[in-house]
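The following pair of complexes shares a single chain, chain A, combined with chain B in the former and chain C in the latter.
Here is the complex of A and B:
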C-alpha cells in the first residue's frame, strides 16, 4: 500500500487537512465551538487558560503554539483577546511552521458576536482552500506516529500493545518517527528501555526522566506505586504499576530509542522517541499534537471514546469481549491474539495496514463520532 | 430584599432553573455535550476525574458535588466512562439523590447508547422535577474581586442594608478561578470585577454580571459588560435584582466561560 498526504512548507507532512479554530483565552472557547457548529468541516479546540503568566506558562505556550501548526492543519483561525502574551504564543508557533493564520481579536471585533461572525467567515474561506488541495505521494518519513494506551487491562501487555509494537518497528525501520509517551507507564520498565537507547547518554536520559517524574509525585507526599494502577486497571486484572509498565512499554516494539523529548517538543530527526508526558490520555494526546504527531494508535482494555482535535486516533481493543460490547469506540480488535485465532504478527500487520489506510484518509471511529478533546497539561495547580 | 426565585425539590431556592449534564471525567465530556445540546441543558468541558492524585481526588469530587447540588440546578445526569479514578457511582451517591441519574459509557453500549439513554433520562428528570416559583428570602451574591474596586465599601454597606448575603473571592489569577470558589459558596448571582487586562467572562449555571474597568481593553469591548465603570452602588444593586429576578446577563446571552476546576497537583 502506498502513502499519500499533504506536504507543508517546512517539510512536514499532514494526513489530514484541517481548518483549526483555536481560542487563546478560555473566554473565547464558546466562540470557537459556535464557529465549529456554523461551519461544518472545521475543528475547534477549547481550554481553560485565562491568558495569565502562571507558573506553567512555558508549558502552556508550548502546547498551544505547537497545535496551531500541527502538520495536519491546513489553516488556523486564531481567536484572541488582543494581548501581548498572545503574541508570544504566535511567535513560538511561527518558529515551527508557516501554517497560514487568520487572527481575529476581540479588541478589534468589539464584541463576541462580531468575533464569531468574522471567525466563521475566515473559517469558511479557509475550508474552501483546504478542499481544493490534493493529496500527493508521501515518503515513509512523513509518518510521525503517536503510541498511546488508556484504560489498560491484563490483556494490554500480551495483545494490543505488542501488536502495535510490531507495526511501530516496521515504520521506524522504514525511516518514520514513532513516539512513546506516558512516563508513569514506563516506571518499573525504564531500565529495559534504557538498554535499547542509541547511546548511553540517551539511556541515562530515559532513567533520569522517570526518576524526575517519581520525585515530582513523591514531592506531593504520594507514592505513585500505591496510587496506581487505577481502579479500572485493577478491575481489568492489573496488579501493580510495574506490571502495567512492562505491558505499556511493549507499544514501542523492539527498535532503538533515538532520543528523549520533553513534553510537546518536536522530534529533531526520524526515529523512535520517548516523550515525558502524563498518563492522562488527553494531556498526552495534546502533547503529541503539539509535537507534530500526525497519526496515533491508542490501545484500550476498558474502552474509551476520546480522540484528538487534529490527530486521527485509531483505537485498538485488547480483548474481544470489550470490542464486541463497545463497537462504536473500537477500530480494530487485538483480542483475537488471546482468543488464539490470530497471531501477534498477523494483528501487527493489520494495525500497520490500518495506520496506512487512516493516513490515506479513512476515518477513525473517534473522527466519525466527533471526539476531539484537547487539554492543557500543568505541572502546578490551576491557579498558580 | 424579596426575589422571585425558583424552588428545586432537593436544592432549595435558586434564581435559575438549569438541568446539569455532569461529566465526571474528561472522557465523557463529549457525550455530555451531545446530551445537553439535545435537551437544552448545561454542561461543560474539563480535564479532571482521572489521572488525579492526592488532595485533588477529594477536591475535585467536592467541586463536582457543589456544582450538582447548586440551588440553580433542578436535576442532574452524571456521565462516567467507568474505569476512572473518581467513580461516578460514588459521586452520584453524594448528590441530591432523587433528581440525579447516573450513566456509564462502558456499560451502556458505547457512545450512541449512552447519548440515547442520557437524553431519555434527562427528559424524564425534567418532567419529574420542574422548578416552581417561590420567594427567595436570602439572596447570595458572589463578588469576584479580580481588580481593586473603588466603591467596594459602599457596595458592601448597601447590600448589607438590603439583607443580601455577600461572599467574596479575591484571587488575582483570572475571574474563572474566583467563580469556582463563589459557586462552592452557593452564590446565586456573581458580580464580577475582572482585571483590566482580562475580558469579562461567564460561568455555567450562575448568571455573571460584569462591571467594566476604565482601561483600554474594557472600553474597546464595552458591549460585553453589563455595567459601565462609572456604575454606582445603587445601579449595581438594581442590576443584581433584575438579573436575580430572571433578566439574562451578558455572559448568559453569549454563553461564554469555561469552568476552571481547582487543581493543586499535576496529573499523573
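Here is the complex of A and C:
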C-alpha cells in the first residue's frame, strides 16, 4: 500500500487537511466553538488559559504554538485579544512552520459577536482552500506516529501493545518517527528501554526522566496505590505499576531509542523517541499534537472514546469482549491474539495496514464520533 | 483445538495469565505443564506457576513486576492481596 498526504512548506507532511480554530485566550474559547458550529468541516480547540505568564507558561506556550502548526493543519484561524504574550506564541509557532493563518483580534473586531463573524468568514474561505488541495505520494519519513494506551488491562501487554510495537518497528525501520509517551507508564520498565538507547547519554536520559517523576511523587507524599494501577486496571488483572509499565512499554516494539523529548517538543530527526508526558490521555495527545504527531494509535482494554483535535487516533482493543461490546469506539481488535485465532505478527501487520489506510484518508471511529479533545497540561496550579 | 486457558509468557516467569475465568478445582493441562487451580481466577488475572516465599520477586514477561507479600502456592491467585510493587508503594 502506498502513502499519500499533504506536503507542507517546512517539509513536514499532513494526513489531514484541517482548518483549525484556535483561541489564544480562554475568553475566546466559546467563540471558537461557535465558529466550529457555523462552519461545518472546521475543527476548534478550547482551553482555560487566561494569557498570564504563570509558572507553566513555557509548557502552555509550547502546547498552544505547537498545535497551531501541526502538519495536519492546512490553515489556522487564530482568535486573540491582541496582546504581546499572544504575539510570543505566534512567533514560537512560526519558528516551527509557516502554516498559513488568519488572525482575528478582539481589539480590531470590537465585540465578541463581530469576532465570531469575522472568524467564521475566514474559516469558510480557508475551508474552500483546504478542499482544493490534493494529496500527493508521501515518503515513509512523513509518518510521525504517536503511541498511546489508556484503560489498560492484563491483555494490553500481551495483545494490542506488542502488536502495535510490531507496526511501530516497521515504520521506524523505514525512516518514520514514532513517539512513546507516559512517564508513569514506563516506571519499572525504564531499565529495559534504556538498554535500547542509541547512545549511553540517551539511555541515561530515559532513566533520569523516570527518576525525576518518581522523586516528585515521593516528595509530594502521594500514595500512588489506588491510582496506579487504577481500580479498572486492578479489576482487569494488573497488580502493580511495574506490571502495567512492562506491558505499556511494548507499544514501542524493539527499535532503538533515538532520543528523549520534553513535553510537546518536536523530534529533531526521524526515529523512535520517548516523550515525558502525563498519563492523562488528552494531555498526552495534546503534547503529541504540539510535537507534530500526524497519526496516533491508542490501545485500550476498557474502551475509551478519546480523540485528538488534529490527530486521527486509531483505537485498538486488547480483548475481544470489549471490542464486541463497544464497536463504535474500536477500529481494530487485537484480542484475537489471546483468543488464539491470530498471531502477534498477523495483528501487527493489520495495525500497520490500518495506519496506512487512515493516513490515506479513512476515518477513525473517534473521528466519525466527533471526538476531538484538547487540553493544556500544567505541572503547577494556575497560581496567577 | 480447544481454546487455550492460560498463557505462559516467558520461561523465567513464576506466573501465567488466565485467558478465561477458571474455577477452583480445575486442572489445566497445556504446553506440557499441568497445574491444579486452587482458587477461582478471573480472566486476565494471574496464577502462580512456581511456589513463592514472602519477598520473592514476581516475574512476568521474564521481568520483575513486584514481590510476594506472603507465601504463594502453585495454582493460587496472584494479585494485589499477595503482591506489591517494589517502587512507589509501601508495605502495609
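Definition applied: the second predicted complex is superposed on the first by the 377 of 384 C-alpha atoms of A that agree within 3 Å, B and C clash if a C-alpha of one lies under 4 Å from a C-alpha of the other, contacts with A are read in each partner's own complex, and residues count from 1 in each chain.
Please note the rule applied: contacts are C-beta pairs under 8 Å (C-beta built on N, C-alpha and C of every residue); 3 or more make two chains touch, one makes a residue touch a chain.
Small disclaimer: the values here were computed from a predicted structure and weren't measured.
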Which superposed partner A:236 touches (first chain B, second chain C, both, neither): both
Touched partner set for A:173, first chain B, second chain C, both or neither: neither
Partner chain in contact with A:326 - chain B first, chain C second, else both or neither: first
Partner chain in contact with A:189 - chain B first, chain C second, else both or neither: second
Partner chain(s) touched by A:31 [first = chain B, second = chain C, both, neither]: first
Partner chain in contact with A:211 - chain B first, chain C second, else both or neither: neither
Touched partner set for A:133, first chain B, second chain C, both or neither: neither
First, second, both or neither for A:83, with chain B first and chain C second: first
Shared contact residues on chain A - chain B and chain C: 217, 224, 228, 236
Complex interface listing, chain A residues touching chain C: 153-155, 157-158, 187-189, 192, 214, 217-218, 223-225, 228, 234, 236-237, 239-243, 246-247, 319, 338-340
Complex contact set, residues of chain B against chain A: 26-31, 45-47, 50-51, 53-54, 81-85, 87, 105-106, 109-112, 171, 173-177, 197-202, 217, 220-221, 223-224, 254-268
Touching residues on chain C, where the partner in the complex is chain A: 1, 3-4, 7, 9, 17-19, 42-46, 58, 60-61, 63-66, 78-80, 83-90
Of chain A, residues touching chain B in the complex: 25-31, 46-48, 50-52, 54, 81-83, 106-108, 110-113, 151, 184, 216-217, 220-222, 224, 227-228, 230-233, 235-236, 278-283, 302-306, 322, 325-329, 369-371, 373, 375-384
